[in-house]
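All chains are identified by letter, namely A, B, C, D and E, in their written order; residue positions are counted from 1 within each chain.
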Amino acid sequence: MPEAQMVGSSLEVRRPLLEVRHLVKRFPVGGLFGKKQLHAVTDVSFTLDRGEVVALVGESGSGKSTTARLIVRLYEPTSGEIIFDGKDILKTEPRKASLSFRGRVQMIFQDPFGSLSPNHSIGFQLERPIRIHKRARGEAAVRAKVYELLETAGLNPPEEMARKYPFELSGGQRQRVAIARALAVEPEIILADEPVSMLDVSIRMGVLNLMHRLKEERGIGFLYITHDLASARYLADRTLVMYAGHVVEAGESVDLMDNPQHPYTQLLLSAVPNPRAGLRTREVQARGEIPSLINPPPGCPFAPRCPRVMPQCRHTMPEVAQVGPDHWLRCHLFPPG
Amino acid sequence: MDKRQGIRDTKPKNGRLRVLEQRFPWLFVIVRHRQARVGLAIISVLILMALFAPVIAPGDPTEYHGVTNTPPSKEHILGTDPLGRDEFRLMVWGARVTLLVGFGTAALAMVIATVVGVVAGYFRGIVDDILMLITNLFLIIPGLVLLIVLSAYLHPGTGTVILALAFTGWAFHARIIRAMTLSLREKDFVAAAVVAGESSFSIIFRQILPNMVNLIVGGFIGTTIYGIGASTALAFLGLTKMTEISWGTNLFYAQNGNALLLGAWWAFVPSGFCVALAALALTWINFGMDEITNPRLRAERELRKALGRKFMQRVRATPVRFRER
Amino acid sequence: MDDRSTPLIDIRNLYVEYLTNRGPVRAVENVSFAVKSGEVFGLAGESACGKSTIAHAILRVLRPPAVITGGRILYKGVDVLGLERTSPEEYRNKVLGGVTRKGIGSSAELIERYRWAEVSMVFQSAMNSLNPVVKIVHQITDVLMRHLDIDRAEARRRAEELMEIVNIDKRRLEAYPHQLSGGMRQRIVIAIALALRPSLMIMDEPTTALDVVVQKDILQQIDQLKREYGFSILFITHDLSLMVEFSDRIAIMYAGEIVELAPANEILNNPLHPYTKGLLASFPSITGERVKMSGIPGAPPNLLNPPAGCRFRERCAEWTGVDIPRSPQLQEVIPDHFAACECKYGRADHA
Amino acid sequence: GEGTTTTSGPTTSATPTSAPVTTGSTETSSTVPAQSDIILNVTPAGQSATTFTYNFNPFTTTYLFPTLAGIYEPLMINNRVAGELVPWLATEYKWSDDLLTLTFTLRDGVKWSDGTDFTSADVVYTFDLLKSNPDVAGNGKVAVAEGGFVSSVTAPDPKTVEFHFSKVYTPGFYDIIAQYIVPKHVWENIADPAKDLNLKPVGTGPFTEVVVMQDQVYEVDRNPYYWMPGQPYVKGLRMPAYSGNEAVATMLVNGDVDWSGQFIANIQKAVLDNNPNVHAWWPATSVQFFAVNGTIKPFDDPVVRKAIGLCFDRNKIIQLANQGTSDPADITGLAPAGYKGWKVEDVSSLGVEDWCTYDPAKANAMLDAAGYAKGSDGVRTNKDGTPWKFELPMVNGFTDWLAIAPTLKEELEAIGFQINIVNYDPQQWFGKLFVGDFQMTMFFGLDADTPFGYYRNIMSSQTFKPVGTPTGFGQNFWRVVVPEIEPLLEKFAGTSDSAVQHEVAIEMQKVFAQNAPVIPLFTAGTFYVYSDAKVSGWANAENPFVRPMPIGQNATSEQLIQMTSWKPKE
Amino acid sequence: MRFLLRRLQFYIVAFIAALVTVFYLPRLLPGDPATAILAPMGSRLTQAQIDALRKALGLGEEPLWKQFASFVSHLFRGDLGVSYSQFPTPVTDVIATSLKWTLLLGLTSLLLSVVIGHLVGIMGAWRRGGLFDTIVPPVSNFIGAFPAFFLALGVLYFLGLKLHWFPISHAADHSIPPGFTLAYIGSVLRHLAMPMLVSVLVNLQIWIMTMRNSMVVVLAEDYITMAEAKGLTQRRIMFNYAARNAILPSVTGFGIFLGSILGGQVLIEQVFSYPGLGFQLVRAVGARDYPLMGGLFLAITTGILLVNFLLDILYTYIDPRVRRQ
């Protein structure tokens, strides 16, 4: 099964903690009788282990957030498998995830202004997961744990921070609170959905560095979702490129960005502003809009915009092909085998 | 070029107060918004009047004083009505039932509206479809008309009036609350709570409801206005409990006794003005509430406060007022 | 400041405040810069540092509770902040030159004439700056007919031309905004901004909401047009990489003030102000070695109560410990390269 | 036309009347006055509406004014304020010796408004219609319907009608004369008399020509063939729509109404003072009373009922209810203006102790003596210990009652009751009342032609129905049966001798006074307001020749007398 | 189109709900309507007569569902049964006489208040805090706070009885035969003046506030800033850009408020003896005239459903965004 391999690191023997296989999500859209479906995520597979950062990049609407929300069971997948710690949680825990799963997999959201409840103090918001998951018992213990979390997230002094309300904090501080909240349950994996895209540029690095530290020091695995390729390259061990719900290319981050193989990845990288290269020197090769995700035509989703499109691109989805050590892609230019 | 008009700056507020304000903005609106402030003062006076009726206007309001339609005098500061009752007592005691009906209606209607709105918005799907169908039905069916029809089936009384008014008055707010719930439900902090393992119950009560307090308070005030107005109208049509003293029944008996033709303005004016004052006061408070949901409303007021009304010109352009440095 | 050519627009000591119920937010403090004809002038800085405020002030379309509390904005020598009191003759002589536009009535109307005909703007939220219930064509023709002496048919013809320029099928003129994709709407707004061939076009983060691919595409198109028509651009973004790629000269803003002003390459290769350095250290590169970057610790000050003196001091890695009582002034540290850092480069003796 | 003499008016040979009565312009002129073009605006009682639905069918219950007593006429009129029987379509009546045949002689020269002659066939036809159609309504229905007392109606000649009784029952006379007679030649062609709207009525009455029918106004003009020479004086009656009594009050002030039948609160100051042309006369024709449910203890005890009678301060109650425009009622329960000649002049002559004057102390003493002990809370108990806690229903819309409710409660509580006032909607209240599902209530004046009908309704076992079975409207729903009344009723119905009947009536009053089956409160006026701006000849307190209130539905015939009495303005 | 079809579905369901309500409500209640209705008809009614009337009133012995089926089938033949209180006039005839007047008063006053209210709202929002804005909306709030009948009585007393400017009751002069004559139309208009004035005064504030708030929200939109930056004239921005968008919420509100306006009209009809459905309804309720009540309720509800559907169509026309949904 080549797809399964696409993401797994070939070097590893033991099973990774989280393995996503052939994840599909279709949203019903339209009126009462409409049978239209929005193909938000199609056949996404990857693995994520403790102490690993995997970046999920792709432009707006490519299905990144949906993927993350599927994993934490905010949405029910249309099909596919989510194997966590050896168990397919979709089978063992239908409908809603158990507390124990929630205690091991957490999520950070894009919008630091929206992900904290405006009506509760920071302290309260950190206490809740601790109490729900019984990570500490007794008032004093809980409070101590809250302060410890705040300090870990670089929010000092913790006593004062705990008393504040979200509106009193800056964006960077809020995002740190969100991270602290995710840490409160002592998870093994954190899905970070564009955690810095809403932050001021000068503050972003601080949050990224915090995530890096957590990975290093606590061995937490991160799924880092972003549309900023440079930051993915900065933080992530491996990177997956998504386009219109599909993972089109995956590989070791630096390798992938230095040697992009898929035409879409190439296009994306060429569009990233590069002060040294200057605007006028490079022409963007592809034009046109992202295809509609509602009842999309068969074939490669990038075919309409692809500068190197071939006839078969328009009716068959390419198979996964390996083009380097730990570098995989889906493109007819690279037939499998 | 040099226009050194003064800019009156607002004093910055201390920290604790700001926290309070962020959490309960609707409390602060009243302090800040002139109309809301006046409104609150008026409604407070009316509520106090209702509460302390036995102190303010001692005696049985239904007492017959042997003289009907006397103009205001020393014994009867607001005169007597066509039934020989003391107008002042009627006005003071009338506040009780009218305000009770108003607030009672609002409380009941908002409970229904909140439950329906939150349940529909939170659980969505078929529950939402059914609840919204019902809500829209109630929204479209004319309230007072339904009320009149309902009054034919119900025993006249304060409780039934409240019930009927709440029954016809909840739908509008249910829809607003549902819309708000739908949007809050999509908020990341709700998703974060789900991921943290909170139960639906806890999410509704801890995350969603606290964020709708403004809406609920605003709806409460709006429904109170409706309750007061509609119960007065029902009384005027003789469809409420007519042996009770309320502003509506006072007006009914005034009209019934032809007070208008007698030129007995004192039989109409006190209760009529009380109804209007209550409605106006609540409307004003709601204007203040509007500013919370719509902060843009506040912006211009601040500018006006600082620059005076003259900043407005024929062509709208950012005002230029130099500040001395 | 500049003696080689008279600037197209010259902003001097501009102050803008938002009068909120918590006190005035001093969003722009003592900002001066000039944009020359044909140049792309970049205004960079992180969120909320006052970039858009300056842009809106130039057109005087700031919303209440904004007040301009000081400075001058000289457009071709006429003060935009005093247009209400400028005589139509002076305006005609200085601004219009030989160009004929629709007749100018009173002084009160000058601001309307100045807007768009002289300076147009692509708003930060270009997606939302189209009226959702009016067809595209009418949103283009209304500005043409307002400012030019042309009839409906002619206006329509020009609208079609504009659509061609921004590369959209002219049949789309009959569409409503919601029927178009984000990129298309952006292009329509650019087309409207070009409609009157203004001398200055302000572009306030024109592409942040777009995908990188589309963003690149649009910027290239603008660049093309600029070279064709020769207008100046005031380009605003928080993305330094993009800014350097696109602009001739760049001003870096921090907390309502300009902290550095220099040609694009200078900023990239020889940043003088610690903040600029920090900013550059916040953009990881897409190429080369993976190096650990620091960003800038802390957060920008609250403009409600900005600290006296240097506003960057709290976050500054190079702060010498010297307290400066008032805001540092921009000074020409090396030719054409200004920086406002008095604790490193000493006190300037002129403002 | 040219008039002749005063004797052309109707006269009577009926026994109760002492002297011939004439109507119309009898006293002053010897010639028939010229008819005028004047149109009077009338707001009849019970016809409030803002739009009219037209119906002039006298066999329905929803016809418009003046279908009865205006378009259609009865055989004779029982003019109760004058205590006279006024011959109308019939000039004479006669009982057979066995009291089983009642013969009427019809008036000569009466024509239907289409010019056809009025004959005895029309009378027979009318009663046959009532008999054969179960769903047509009419005053004479009780006589001929199933279970009635008239077995057949015959017409020996065109001017004579005979009613053959199945049993001796002289009060039935009043049911017969009250029936409005319709033309046979018109109605025999109408398919469903119960549902026809009769929009082009043909009648013998003074006003028959419906000339205007708009949403908010209609006009009925005079009958060109009216039998009374020179009558009516006015050309027509115009009925504007009105939404209620208050609307009529403003219309009266504005001069928009000439004849009205509405209660106007504070009429003196509200209307009369504001418009000098408008006058009012509210003759007391019935009595409002307070009823208690005789099937509930302690209300089965006449002592308790009398004590209640003593506890009410009637003068205060009258002030509240109608600003003193009526009088306290007495222990006969009869209204002076409704039963002239029947009612005893001096109540004390009955020899019964008065229980209709305010005296709470006496009431308490009576109750104490009767063994109804007062508890510590001031509430009395029955002998079995159940406390006197009762519900007093108040009815929305009956504003005069609502106005006195607090007073009633207070006064009843002063003698040891505990009263809970409960509001009802009229229909709810009606629904409870007639099946006996109530404890105490107010009730409005009952009308009857004679004390016979009145007392029969009040306390006879003939009108009694067990709790749960509805009684007739206003018939002994309080369910107090006084056996002493039965022989008196029988005696009254068994004679045609007026003198005997008058004697019996006094006995009946005595029985009422002794038993207090209901507690009379105050007399109820006939609400009559008129404007002399256009015509004169109105009945009023100075010249009380008739009870002149315009009524639409359930009209009484007396208004015909007023309609034929107008004359030029003085 | 899909949007409209969806709405249509709703209206059909709503109509069916109204039908079921109208049919079942009176029949579900304890007690027999016939007894209550026939009770006041006098002691002279015999049992046979009552039975016959019962039959005539359609209070048969058939099972309910059969009655319902025949009710519906009659309805589609335009037969709503016979009014009890105005027996034997068919309900449809009763409704027909009042309907035109209700429409006349309702529509003219609605139109007037909507037009004036929107203009005032637009102007007030455009110059928020200006002299106009500080005076007109608050005054309209103050007036609108009074109960409708209170204003009606005041207007009746001063303009009608004291000043004699307008006739005090009815919809037209009785002496003028109805028809398309100048005299008749003039008289209709003179009679319309006071009821319409009151209706406008009562409703004006709703539209002023709806429009004003909506304008304030719209004025904060980016496309307004853009329009200003484009140097367009103030008029054009005000009407083409701001008002055109701001009116959208009013259009939906319009349908909802329609019901309350009809309700308020009841009181006005009562005071001015103006012919209309509202007064008929109150009277039908008083008389327990179930068929008439039902018919009126159905007529009013259907009317409102219809108007709402028309508004939906209008909405898709003025807001291109919903067309696609």
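Rule of thumb we're sticking to: contacts are C-beta pairs under 8 Å (C-beta built on N, C-alpha and C of every residue); 3 or more make two chains touch, one makes a residue touch a chain.
Nothing here was measured: the structure is a model prediction, and the numbers come from that model.
Traced through touching neighbours, the fewest hops from subunit C to subunit D number 2.
Chain centres were defined as the mean of their Cα atoms; on that basis the chain farthest from subunit C turns out to be D. The distance from the centre of subunit D to the centre of subunit E, each centre being the mean of the chain's C-alpha atoms, comes to 40 Å. Between the CA-based centres of subunit A and subunit E the separation comes to 55 Å, rounded to the whole angstrom.
Subunit B and subunit E, compared by their mean Cα positions, are separated by 23 Å. Subunit A and subunit C have CA centres that are 34 Å apart. The residues of subunit E that reach two or more other chains are 156, 161, 220, 228, 270, 288, listed in rising order. In subunit B, the residues touching two or more other chains are 18, 151-152, 239, 255, 260-261, 300, 314-315. Chain contact summary for the complex, subunit D toward subunit E: residues 48-55, 60-62, 134-135, 137-139, 141-142, 145-147, 175, 194-195, 197, 212, 214-217, 219, 238, 240-244, 247, 250-251, 253-254, 256, 397, 425-428, 430-431, 434, 457, 470, 472-475, 554.
Per the touch definition, subunit E reaches subunit D in the complex via residues 31, 35-37, 39-46, 48-49, 51-53, 55-56, 83, 85-89, 93-94, 97-98, 101, 156, 160-161, 168-172, 174, 178, 269-276, 279-280, 283, 286-288. Note for the complex: subunit C touches subunit A at residues 46-48, 181, 183, 211-213, 215-217, 219-220, 223, 238-242, 244-246, 264, 268, 275, 278-279, 281-287, 290, 292-297, 299-300, 315. Of all residues in subunit B, only 35, 133, 136-137, 139-149, 151-153, 172, 229-230, 232-233, 236-237, 239, 248, 251, 255, 260-261, 268, 272, 275-277, 279-280, 283-284, 290, 294, 296-297, 300-301, 304, 309, 312, 314-316 touch subunit E in the complex they form. Contact residues of subunit B toward subunit A in the complex are 18-19, 22-23, 187-189, 191-198, 206-207, 210-211.
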